[in-house]
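When the chains are written out, they are named A, B, C and D in that same order, and each has its own residue count from 1.
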Amino acid sequence: MAVTTIDIEHRVSYGETDMMQVVYYGEYFHYFERVRNELFRSSGRTYKEFEELGYFLPVRHADCRYRSPALYDDLLTITCTVGTWKKASISFDYTIYCKERDCLIATGTTELVCVNKDGRPIAFPTFFTDALTS
Amino acid sequence: MAVTTIDIEHRVSYGETDMMQVVYYGEYFHYFERVRNELFRSSGRTYKEFEELGYFLPVRHADCRYRSPALYDDLLTITCTVGTWKKASISFDYTIYCKERDCLIATGTTELVCVNKDGRPIAFPTFFTDALTS
Amino acid sequence: MAVTTIDIEHRVSYGETDMMQVVYYGEYFHYFERVRNELFRSSGRTYKEFEELGYFLPVRHADCRYRSPALYDDLLTITCTVGTWKKASISFDYTIYCKERDCLIATGTTELVCVNKDGRPIAFPTFFTDALTS
Amino acid sequence: MAVTTIDIEHRVSYGETDMMQVVYYGEYFHYFERVRNELFRSSGRTYKEFEELGYFLPVRHADCRYRSPALYDDLLTITCTVGTWKKASISFDYTIYCKERDCLIATGTTELVCVNKDGRPIAFPTFFTDALTS
């Protein structure tokens, strides 16, 4: 069954903050990866299995718009949605939200390219395109 | 004397890599921050002093385009250039290059907004605009 | 009601691994902090509140014994137990276990000292000693 | 020529701090790795080459004693000294010092075990024992 969006909850740890008392801007890309990983899992095959089959998805482009700071101990809701498909690349869109403070924290996107173990771009396997297409 | 560009060298550590044998995509934003920090220092006043004077520069937007993987033990040249000034925001452009492998690793930008300690946007102090304008 | 031990589950993310294909040794201290944080919460008062009341618990000593590598996508069970109390310090013991692979990953300890906002050691507040003593 | 101690300088970045306004306790293990890496390099063969020859040095035990907080923008002097040799393991001792503030920041040790690519303990290669023995 195709999956096109998922969300996870993530508790902000102390080590993710910086001395401005907010989550460090580089941490958001870890959050993006965490929810992307769960989108894979929910599609029926984990990204780990994807790699074991000889496919890799390095990130080609990433961006994040920081709208309101995430704070220590916030319970964040991180959403990942399948964006645009190209022949050998796929984009994902992200939203980070803090329900308790009713606050949009950040939005972002990543574009990933499908490569083999030699780093050469290849077409996505059909099990993957089937699973992540509505 | 005004400064508009600077570069630093950075040795890739083991802890910056991931199991794809390359630098993890979130680490590049730490690199951007490191060189941005040195751009401040070379302008005559450190970012630390900037904060001590009651100004803060949280990141509002960041993006990175990954062109070729950075590898463990690479000696990277990370360049930061002043980009576009707006009333209460400033953008910086970054280039990451590996001279030894003659390889462009990544390019990116960050947009930072000037705020006071309450998080309210304020105009940049003149010592700052003077120092970073050619 | 006093709490003296707790465990959490943690999914290993890609960004926590290094090129040896295992979790980087520095990441375990983030895991320790995560479960320590939940031990506080389960005691009735969060560490965040603890700080808001003017108490801080910087780490004075930490150690970790790595027994078997944690792998990407492992679902780890991380346990924290209250160790030894001293007048102004407390130690916590940790165990990291992977149930799916029936494998002990690591054990460790941290010793934290209770200080005020000026960094001066002070006695623990009674609400804290009451909550974390069996 | 045998090398048994080395030091490096490291500028504390913003991303290494946490909301207690000091360097996060997990970051010190990254510092230890950085200087250990340079100790290898100064011995005539890099750790990268060591791995390329089929040897790996995972960390078996690590500890750190935090004596005074490291602060953002501190220029730290990080020293690594060869400690105890055993048949298939070696320990390193570390000291982190801030010259500008004349302040001992931390001391620590790591014990690393020599394994082959299957993770099996093996004796150190002689080029390594020769290089790091006085």
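One rule holds for everything that comes next: contacts are C-beta pairs under 8 Å (C-beta built on N, C-alpha and C of every residue); 3 or more make two chains touch, one makes a residue touch a chain.
All values derive from a computational prediction rather than experimental measurement.
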| item | value |
| --- | --- |
| Between the pairs B-C and A-B, the one where more C-beta pairs touch | A-B |
| Equivalent interface positions on chain C and chain D, same or different at half | same |
| Chain whose Cα centroid lies at the greatest distance from that of chain B | C |
| Distance between chain centroids, defined by C-alpha means - chain B, chain D (Å) | 27 |
| Centre distance in Å when chain A and chain B are each reduced to the mean of their C-alpha atoms | 23 |
| Centre distance in Å when chain B and chain C are each reduced to the mean of their C-alpha atoms | 33 |
| Multi-partner residues of chain B (each touching 2 or more other chains) | 14-15, 20, 22, 26, 29-30, 33, 72 |
| For the chain D and chain B complex, residues of the former touching the latter | 11, 13-15, 29-30, 33-34, 37, 46-48, 72-73 |
| In the complex, chain A residues that touch chain D | 14-15, 17-22, 24, 26, 72 |
| For the chain D and chain C complex, residues of the former touching the latter | 20, 22, 25-27, 29-30, 33, 56, 58-66, 69, 110, 119 |
